[in-house]
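Each of the next two complexes has chain A plus one more chain, namely chain B in the first and chain C in the second.
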Partner chain A sequence: MTAVTEQVPKQQPPVKKDDDTGLVAFIKKPIVARLLFPTLFIALWLFVDGLEISKVFPAPDRVAQFMWDELRLETLARTNLYETLGLSLVRLFSGFAVSMVVGTAIGLGMGLSKSVDAFFHDWVMAILAMPALVWALFLGLVFGFGHTGPVLATILAGIPFVIINVREGVRNTPRDLFDMASAFGVPQNRMTRHLLIPSLMPFMFAAARYGFSVGWKGLVLAEVFASDRGMGWMIKFWYDAHRSFAVVGYAFFFVVFAFFLEKFVFDKIYERTFRWRPSAGAIELVEEEVEEHFIDALDPEGASTLPKQIRED
Partner chain B sequence: MAHIKIANLRKEFGVGDDKVVALQNVNLDIEGHVFVSIVGPSGCGKSTLLNILSGIETPSSGTVDITQDRHDANPGYVFQAARLLPWRSVMDNLLFVQPDPDAPEARERCQRYLDMVHLGDKGDKFPGELSGGMQQRVGIARAFAVEPDVLFMDEPFSHLDAITARSLRRELHDMWQATGKTILFVTHDVGEAVELSSRILVFAKGGRLEDDITVDMPFPRDAADENVAVAKAHVLKKFEDLDLVAT
Partner chain C sequence: MTAVQERQEQPGKSAEEERLEAELRREKQRKWFWRILGYIVVLGVWELSSGWVLEENLLPGPIRIIQTFPEIVATGRFFSSFGATLTRIIVGFGIALILGSAIGLLTQIKWFENFFRDFQTVGLTSPGLVWALVGLIIWGFQPMGWIFPIVMVTFALVSVNIAEGVRSLPKDLIDMAKAFGTPQHRRQREIVIPHLAPFIFTAVRFGFSIGWKVTVLTEVFSSNEGIGFEMRVSSQLFQLDVFFTWVLSFFVFALFLEKVVLQYFERRFFHWRQEVSTA
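Our next item is the complex of A and B:
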């Protein structure tokens, strides 16, 4: 075997062709690529602003100045940024919590029972198909200006996504793991805690992410039409005041808030909840250990006596 | 001592025109420290038999009794795929099926069996961080760690490469010898069955038990050994005689 191995011409390891040099390599760096988009966006914005197509088109520096003033509580509106954002967040989290609890209960029922699924199916589809604008107008007419309309709009916007995700989660529970647990006689409560709930987590997480972002959009729309406070109302206030830089400024507050929420809340929860999902590096490391172990097991007299080329192969 | 008694066992799936007979008229008596392999072509009811014995499936008719010193025996199961909870560490996977996972002796026992499959230092890893062979080792350790009276194994090495499977067969044999369990081992690999078993049950399509072969050779057996090759040829000849070879 050694002789045969020695006759085989030693293969050269494939050389990675490095075409990317200079500027291309620099642009391909993830951090550069990530910063490239906002840079190009601002450049395009400045270019369009320079064309002077409209007197009310907001210049970037005017928007930035407005945002800075709002942050320093210097505002013409009757509520400042923090009060506005705080109120909207209370409404958002209230509606989101109700969507998650009620949506999870209905989703579980639909996943477990065909008749519950049949009962709710068309309703869920109807709510899903309804434009959020219709909810906003309707709830404004029914409940007037207050908390009820915006909170209900948040619930109605988010709950179909929670229901559908949880239902799919229940339908995709790993049957083979439940069979394994029952073959070992694992009690039901332990199965629920360690098997059912963790298997639903990816679906619950998707439900929370969708429910939150869609609920947020529903809330803002409802605040435009059915509230006298909140982020949506504030955007309408600046719209009525004919201040386009303020409308864009508040839109950016949204973007910044959504970014922080994604980066520092959802991503952190995701990392913590799904830390069991392996990184490619970890698998590679353990595989290498395994190969060594097997070679030693197959040749207990001394793995080192194996020809080096065979071991490497 | 574990005792498995099967009488007139029958299992059907589906109804009407879709009815499929998975097992029929199976009668068996297995007792003591034996390693029994169940071989046969695909769809002959091998896995169904294990599923019925372990309680995952119920028989259509007939009786199954698994006792240990006249009490209900405690079973363990090793599946074709490791079937580990991916969101729990290796140690927690073993504890998950323990009768009392919070007891300190449960953790000690699990650690002992992880050591036996050479994964003593991998208890805090998640299954996804291990290779397929290592995951199957964890599955074996999990089954042994419940200290079962009877161990059911359903083609546990069929997804693994030849080197890994060979290594695991040796470990399994050593653990069987060390613990004195009764093992029922489903495989489609006749060589594997001859290498490991004291008894081989041959099933045919339609779920009939066609032959019950005693393999009377000393352990440990090496696949390269001439006697093992002769025994394997003998079992394969039985396959041909019974017309079980896939065409």
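Our next item is the complex of A and C:
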């Protein structure tokens, strides 16, 4: 009995190779698995559309038509897709820049001094846990429609992530390396360049990534309530115009934009920044660290269940 | 020999320990001093800015908010609003939890990991507002109109957390179970699920922290009761004191659920597991 079970795995590899030409093997390919999901989604969408349950249900062809029109600048709205996205991006980047600079400063302070940490900690957590909706509604009433509200909302949404990640990065600097460097009389500026910055890099990267994506979510919401243009306002505009196909079409633009950021911006920056790291395995390791960090940033007190997590308090 | 050494070290250590303890106590005191100072400064700046920097109607101070609290309780809608929002969170997030866990468990198989990867990315990266509006325009005020956005925003977080647990599954135990011919369902129940339990708890907590925000957001657009609805009405009426009182009371309540109640259950659930409960 045991002899048989032992034999089975040994026989499997050649069987798999034989299957490579068949349909099963085709479906088993990773790329096919990935593409199958959107395909099934579109198939389901077409099927539900074919049932004709309701008149407001967004038909795939109308959504596609709308998106194509938007891309060709034919729109009923006040600003076309590119202007809208451009305006939102300007707001996003200005807010993001401020939250990176201020957040890094506060994060460095909190990482270096326990008193500064105690001073800010609870309030950073409070801002982190505050829904972006609150900022959007409040800033809309205070500043009216304009750039101030959305940019401030971006800052408020993104800054806690930056602070927490930078703080954690400072705490995780390799002290033994610093000790060794000072024992060998390495000058301060070289120490900063070769020790502090590289060891902070993964955390800065995590800070930027999550600060950016959370800032984007905050911005979009603020544009609905505190602005009269921008991506967030525009999807609300189509909602108010009761064009379901336009809302869904705009939602796809959001999805495409997020994908573009993930795959072509962050992943590329990441590869460039960590090119010096020796092996692909090391990169994976850091990615895990970053991922965990995201979780940690979301809820630093609660991360205790993660096995690798070491909490001081 | 070793006993003698230990005895010799004992008094020296205790003196050292005392010194350390005193230092720790001093450090703790300093920490609390700065913490309280932080509270005083932030609340003070907030209280002073209302009236000085911004009009009191625009930025009500903390004292004003505490005064408004009994007023909104007196309206009688306080508990029903909390109840309505909580019901939505429980229903929407419950569905997301089931879906997210199922996807997370399926990622044990490489094929499904690829299959769901882009779906998860979409769920993690797209703003909740988009799903709220899409759900609303398709389903209107039907339950699906608010269930859809809550699920879309939270399921990915749940599944990613569980997938993280899946990645760290004890391969040796599973291999051993396989070698002894343990059937699949028993392997799942006795190795996979216990190993994943802490990850599931973490997923619940993170999911909840995101989930209640999205729930409130959907209520702003599509509800006639609940915290989001009260927020919308009070902000439209320019009653920012009422607005902040609603927001902050639910904010405190949500944080209480998240940090105290869920963490308490987690600790109780895992107190038999040394490495988890002490970590």
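We adopt the following convention: the second predicted complex is superposed on the first by the 253 of 313 C-alpha atoms of A that agree within 3 Å, B and C clash if a C-alpha of one lies under 4 Å from a C-alpha of the other, contacts with A are read in each partner's own complex, and residues count from 1 in each chain.
Simple rule for what comes next: a residue touches a chain if its C-beta (ideal position, glycine included) is under 8 Å from a C-beta of that chain, and two chains touch if they have at least 3 such contacts.
Only a predicted model underlies this, so the values are computations on that prediction, with no experimental measurement involved.
> Identify the partner contact of A:121: answer first if only chain B is touched, second if only chain C is, both if each is, neither if none is.
Second partner only.
> Identify the partner contact of A:194: answer first if only chain B is touched, second if only chain C is, both if each is, neither if none is.
first
> For the overlaid complexes, name the partner, chain B or chain C, with more touching residues on chain A.
C
> What is the contact status of A:244 with respect to chain B (first) and chain C (second): first, second, both, or neither?
A:244: touches chain C, not chain B.
> Once the shared chain is lined up, is A:59 touching chain B (first), chain C (second), both, or neither of them?
So A:59 meets neither chain B nor chain C here.
> Report for A:176: first if it touches chain B alone, second if chain C alone, otherwise both or neither.
first
> Based on the superposed arrangement, let me know which partner A:184 touches: chain B (first), chain C (second), both, or neither?
After superposing on A, A:184 lies in contact with chain B but is clear of chain C.
> Just which bits of chain A does chain B share with chain C as contact spots?
298
> Over in the complex, which chain B residues touch chain A? Could you list them?
Going by the criterion above, the answer is residues 51, 54-56, 75-77, 79, 81, 83, 85-88, 92, 96-97, 99, 101, 118, 122, 125-131, 133-134, 146, 152, 163-164, 166-167, 170.
> Taking the touch rule as given, give the residues of chain C at its contact with chain A in the complex, in rising order.
On the chain C side, the touching residues are 27, 30-35, 37-39, 41-42, 54, 58-59, 110-112, 114-119, 121-122, 125-131, 133-134, 136-138, 140, 160-161, 164, 168, 179, 181, 198-199, 201-202, 205-206, 209-210, 212-213, 216-217, 220, 228, 231-232, 235, 238, 240, 243-244, 247, 251, 254-255, 258-259, 262-263, 266, 270, 275-276, 279.
> Quick check: in the complex, which residue numbers of chain A touch chain B?
176-177, 179-186, 190, 194-195, 198, 201, 274-278, 282-283, 286-287, 290, 293-294, 297-298
> Please output the residues of chain A touching chain C within their complex, sorted ascending.
5, 28, 30-31, 33-34, 36-38, 56-58, 114-116, 118-123, 129-134, 137-138, 140-142, 213, 216-217, 220-221, 224, 232, 235-236, 239, 242, 244, 247-248, 250-251, 254-255, 258-259, 261-262, 291-292, 295, 298-299, 301-307, 309-311
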